[in-house]
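Heads up, the next two complexes both have subunit A, just with different partners, subunit B and then subunit C.
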Partner chain A sequence: MANRTSTAQRPNGATQGRICQFKLVLLGESAVGKSSLVLRFVKGQFHEYQESTIGAAFLTQTVCLDDTTVKFEIWDTAGQERYHSLAPMYYRGAQAAIVVYDITNQDTFGRAKTWVKELQRQANPNIVIALAGNKQDLANKRMVEYEEAQAYADENGLLFMETSAKTAMNVNDIFLAIAKKLPKNEQTTGPGGSGQGRRLVEGDTGAKTAGNCCK
Partner chain B sequence: MGELQQNLTQYCFSETSRMLLQHREMQFGAITFFAKEHKGETCGSNGLPLTPNSIIIFGRAQLLKTIKHPYLCEYLDIIRGKHERTIVVSQYCGEPLSHYLAKNELSIEDIKRIAHQILLGLNELHDRNIVHRNLSTDNVLLQENKDVKLFNYGLFYMTDHGKLVSFPILKTLYAAPEVYLDGLNNLSNSKADMWSLGIILTELVLDKPLWNTLKLSQCIRKILSLMHGTTSIFERIIREHNCYEKYQLLPPDLKQLIEDCLNILPKNRPTTKQLLERDIFKEFQNGKTNSKNKIYQTFDTFTLKELYYWWQLAGGDVFLELKKQGLIRSSPPVLSLPNMILIEGAVLGQERNPATLYEPRIVQMPLDTLYQRFAHIPLSSYYPLIHSKSEIIEKFEPPSYDASDLPLVIREKDPEYQFHRTILFRRLLHGYPFTRNRIIKEAQVDIPPLLRGEIWAALLNIANNYEKEYVEIDKQTSTITDRQIEVDIPRCHQYNELLSSGVGHQKLKRILKAWICKNSQYVYWQGLDSLTAPFLYLNFNNEAKAFACLSAFIPKYLHNFFLKDNSVIIQEYLAKFSQLIAFHDPVLANHLQNINFVPELFAIPWFLTMFSHVFPLHKIFHLWDKLLLGDSSFPLHVGLSILTQLRDTLLNSGFNECILLFSDLPEVDIEQCVCQSLETYNSTPKSITSRSHQNAENASELHITGITVQELNREKCSRISANDVVNLVRNFPHKIVIIDIRNPLQFSRCCVKGSVNIPCSSVTFGDANLDSFGVHSGLLKNAQNKIIIIVGTEETDLELFPKFLLQCNIPKVCVLHGGFNVLLPITPTVLITQNQI
Partner chain C sequence: MELKISDHKPVSALFKSEICVVDQNKYRKVHEELLKKMDKLENEFLPQVTVDQTEVMFDMVKFREPQYRDIIIANTGQVLAEFEFIKKLDDVSYCKEWLSITPFSGCIRPGEKCDLRLQINLEQPLEKIYDILVLHLIGGKDMFITVSGECQRSCFTTSIATLCRCPVPLLQLTSDQLKHAENQQSPVLYSVPRELWLLIDHLYRNGLKTRELFESIALHEEIIRIRDWLDTGSLDPIPGSIHAVAEALLLFLSYTRDPVIPYHLHDACIAAASNYQSCKQIVLQKMPDLDRNVFLYLCMFLQELLKYSNENGTDAKTLATVFGDILLRDPIRNSRPQANRGKASFIYHFLINDPSTLIIPNK
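Take a look at the complex of A and B:
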């Protein structure tokens, strides 16, 4: 899957820019809002009764960052613990991950920490991990303090934002922050972003590189 | 003469069928009201929007539909309109008791009978913990035979004791004093109904409405004033109305009965049971016991629910009728704007829409269109023959309405066709389980939507002890799975009113918990909720049956899918799916293979939930109608037919486009999908899709064993069992091409009848080009939909050859499992030896 040939489409407006493709995976306990975050980011929609995800769903979205066009290939996974065995199939080879928890539920934060640990241990060593405290619109029912999550994120070198798929708060921002942090050339540094084996190519003259999907 | 007789018979027939159809009790009417709107906060504690009160009412009211009692009007339907409007359709026949007052029409004997029947009706309600609360002479309907039917008895129940509406549920004069004193949202108990009964009986014995000149407030004051004083309330009412002579003439037992009902203290009023045991009703009790002694229960040719359903199909529209009668009026939205809205959402200066008050009017639904439409249907159609041994009788049977050429959606909307189908299935279901084979046969034609739940249960072979089994299962004890179930239920088919109602959530949860508890070897996988939803929807008032259906469905189609570790089962299933695609559509299979678009990425939710997670309910129904008639391989064919429908798009797309297509599954034409699934299902040898993990009970033909998932994934073409090959050779030799890939020497010694020898060594597997087969290339090019069976031995390469054919886009290639040698012992033989050549 990683070395398939994919056609990078040039979105409107991005004429001269470089096109960069990244695989991003969403992880987290079920019903924390993973699919809702993706739906908000990709289609600008929100469904109150978003159906549960079985297996995984796939969506793409492109964002423009200065002169670079970043195309996210987003794998939205099933949250139920039982589907855990499928997860490696999706985070394998991913350059970015958003680990989501629900700020009104302490257990989901615990589960998010386990996901972070698993990613740090088993995923691509350069993976950019973002922590998203979702359902910020329900802040009056908050069970996970902002400071607590921020401290945890700092300790582990994660991007962190509280988001709300319902109000769209910080949804685009967290994806943009990831896009910024993702190494777009080999000089990029930063936690988990040495950019090894990743190459960025101008426009469509893509040279295929085995083992990653940046083209 | 003969003609005259025939005409006469026909006349009698149509007269009787007219009487059947136009039975006096086969009538219905509707009332309408508004549910209370949520004020202020719109989200519940879980962040989800609050369930609209009309949906809660909708869910609660379903139970009322199950009540069938001779003295209660049957509830038929609940319809939700805009702005929390709720319409309740129920049986409505006869005249309100109030119409009989002051006409001197009812004798004391009649009144006793009425009292008895009201009590029987109330008793049925009170047994179900339903309080009428609204009992008055307006909603006690008297039939022509002077039998009684209580009407609108469910309003208090469905509105959760009046909490879900903004008007009080009571009839001023008839409401018991405690109803006023406790506040309007109190949990009135059944004793309030006894008071109302007392008032009704008082009116009947006096033969006049009480205090009919008083205004509303005076009326309430009057009732409350009754609490003062210690003398008999009944007597005081009598005196106020100057009817003491009548009072003195009353039989003492009736007097006592009314007296007891009109007791100020609810606890001192008798219960329905106590009253029914009194001597006053002794004379009515004989008839009741008689009917119970019958050996078998007679059944209705059709029910009121069915009549209502046909009426709707014939163009009947409750909403429209209510509009015609002025019960539903639309006013310009600008008139309902408030003067001010505070930022917190509080609304000020909004005039209350008078329609949100209680509207007591009832609109009788006109049935003439239906009568006209069904006028020509002969009596015999009401009693279709199910078993007939004589051909003459069978010929006499008039051909039932023929609509078989019409598309399914049209047939489902055709009142006359549905009439015949419902009548037939109703009869067959009464004979279940003995009529199961006939039910299956008829279900192959189609399934009438109204009886789908019952027919599915019959197809799934549900035994009749399912209720007991369900009752005994622990559905309450909390388990670790609860959190998961709780977060999944509010996301499961929530566009549906039933499943999004509170009652729907509770029921779904109980069924899921029961299933987990009953099947300790399995665990809850997300998706089980979606799988349960169709059964719950169809058996909403019969949880036990929904559970029984689920419990029968899973072993049949999803054996071991819900094991804690189900990866092997799913992998095998998906590998088989890939092989099936290759078998029928090599071009598509090769394309998907090339772009690495494997079923693991998109088909897990399809098969794990039998498509119930990816389709809306109305599509699932049509799909499962056919699924239930097939075996566990049918879903694979459904999967294939979905891919076939999207074939052009898939062939022109790369990986990303393909997977995006499935993330948001485009509109699938389900009828086409079902037809195509049936076609491939019937044209595929069973062993092509056989799995080692399918339920052993229905795998008697299984002759392929011992294949690992790794092998399966490697083999791009499916194996076929010797059993199937022998069957094909013997019965359908024109449908197959057998290619023997052993060396010519072995082939000439002994081979399968009609087989062609293309030794493996003679082919150069270079480019995917059929010309590599030399003289035989023509044979393969012209195989046209024949099944190509590769026969080899252990020494020959059984993977390369079929794989090459697949790459050449040759369909229906399969490999004989076990190789040539498995055919040796089979008798009578399908082989020929050298001598015979």
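Take a look at the complex of A and C:
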């Protein structure tokens, strides 16, 4: 804890040590690549045959901005329609959402629009929503035009990018864009914030070990 | 600088130092690398488990015939996994009332497994078994387990109004016939349900002199056989001992979709319990016709039974207590034990007074 606090107070580093934690949820029809986007973002990996998610997977990832560090608690949900009624458990209380569709499948774009509508109606009113047209590596089989999706995103105030979990195109960028757009004042939790006790333990231990200078 | 730990006396120290110049680029690089390392560690140390099935299917589920399925949760992560089933938004419990999960929460050490048993016991009318359970790891992910199965309908959980409209035994009905009967679109064919008549008629012919008729517990299989005999409309003689038939009668009256005396009349019945005339008024004026038929038919049978008290050893008070609890059952079973005496007193009147004045010919 001591190490972190001193980092935060460093005069020339300004607020560099500040960590803001946000809950982010991924929504979208099954097989559009939600889990693949997360896997690429968090672990830098891609599996051609990613298993279908039956539940809600949980991972964390930190991104550094100029002035703050944003830590995402990522909930990757099951896309199958029968699990639809369970989605509010995950988007309720989320500060950010990535709604994913597959650019080679027009239906998934329609489904993405209904997810956006549902979020606008039922989620946190300040939620930052990003639309991700995934599988950009298959652009030769494209069924959803970039301009169409961009226009839809503009109309609804969404961030929009076409992504590819396979080639990593725009994957970090979309998370980064969300991190930038998120408000950093109210929900922010400074280092050592009470809610994150569990999650900061490992980091603290590490810091202490490094500080234990024995001769 | 190399870190060494003294073999005699471990020494550690904290240094406070002022740093004049910070290379922002290097600082940022180190900072990001550390954060990456921490992310990696944190994700590695998240609890991880696998379940051997996420689709749990039950065979045809029948009234009061429990079935179970076992699932195995294995801790495939590096830390202790604490699991629990959590309720979905707006649900009151983590599973439906027909299901039980043991254990519904627990701890699994890395590399170890835990068996969970999902048991179904159907005691209410249900079209289908279907629910999605949410298995949550504390500090980690959620998994969905879908429970499904077909349900077989039974006269035990069907309403009196429906049964009186069924031209054939329940399992011989077409779905259209059933729908019409349930929506009360088809005509009333019997003044009391055929199934009730079969049970009471059998007891009347064979059980009037039997001791402890409603006080002993029959074998579970006997009840199941009687259930199937009633639902299929078998032409064989009724299976099971006389005590099993008596218990089947109690079950029948306990599980009909609504109690024989409708819920909204319970308070009035209990309030009127000290006065037979008031009790009569409720039965005559407030009870729906078919419910009244069943009530009076049952009371007349119980009066017959009381004529043989010397042989069967029963008395009106005992019967009033047993049937009061059933005919005036609470929406949540035994949620008002303080009302039991009032219920028994209400029934008692109809066991000791001549009910023939209450009989109204079918219109």
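Please note the rule applied: the second predicted complex is superposed on the first by the 169 of 215 C-alpha atoms of A that agree within 3 Å, B and C clash if a C-alpha of one lies under 4 Å from a C-alpha of the other, contacts with A are read in each partner's own complex, and residues count from 1 in each chain.
Going forward, a residue touches a chain if its C-beta (ideal position, glycine included) is under 8 Å from a C-beta of that chain, and two chains touch if they have at least 3 such contacts.
This is a predicted model, so every value here is computed, not measured.
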Next on the checklist: If we overlay the two complexes on their shared chain A, which of subunit B and subunit C does A:Ala56 touch? Say first, second, both or neither.
Outcome noted: both
Next on the checklist: A:Gly110 in the overlay: touching subunit B, subunit C, both, or neither? Say first, second, both or neither.
Outcome noted: neither
Next on the checklist: Quick check on the superposed pair: does A:Cys64 touch subunit B, subunit C, both, or neither? Answer first, second, both or neither.
Outcome noted: second
Checklist entry - Thinking of the overlay built on chain A, is A:Leu138 touched by subunit B (first), by subunit C (second), by both, or by neither? => result first
Next on the checklist: If we overlay the two complexes on their shared chain A, which of subunit B and subunit C does A:Pro125 touch? Say first, second, both or neither.
Outcome noted: neither
Checklist entry - Touching A:Ser85 in the superposition: subunit B (first), subunit C (second), both, neither? => result both
Next on the checklist: Quick check for you: in the superposed arrangement, does A:Gly44 touch first (subunit B), second (subunit C), both or neither?
Outcome noted: neither
Checklist entry - Taking the contacts subunit A makes with subunit B in one complex and with subunit C in the other, which residues are shared? => result 54-60, 78, 82-83, 85-86, 89
Item to check | Residues of subunit C defined as touching subunit A within the complex | outcome: 1, 3-6, 10-15, 22, 27-28, 31-32, 34-39, 41-43, 45-46, 54, 88-89, 132, 134-135, 139-144, 146
Checklist outcome for this item: The answer for subunit A against subunit C in the complex is residues 2, 10, 12-13, 16, 42-43, 54-62, 64, 69, 78, 82-83, 85-86, 88-89, 92, 198-199, 202-203, 206, 211-215
Checklist outcome for this item: subunit A partner, complex, touching residues on subunit B are 43, 45, 47-49, 483-484, 487-488, 490-492, 494-495, 500, 523-527, 529, 564-565, 567, 595-596, 600-602, 604-605, 608-609, 613, 654-656, 659-660, 662-663
Checklist entry - Can you name the residues of subunit A that touch subunit B in the complex? => result 1, 4-7, 30-31, 48-60, 73, 78-80, 82-83, 85-86, 89, 104, 107, 135, 137-138, 141, 166
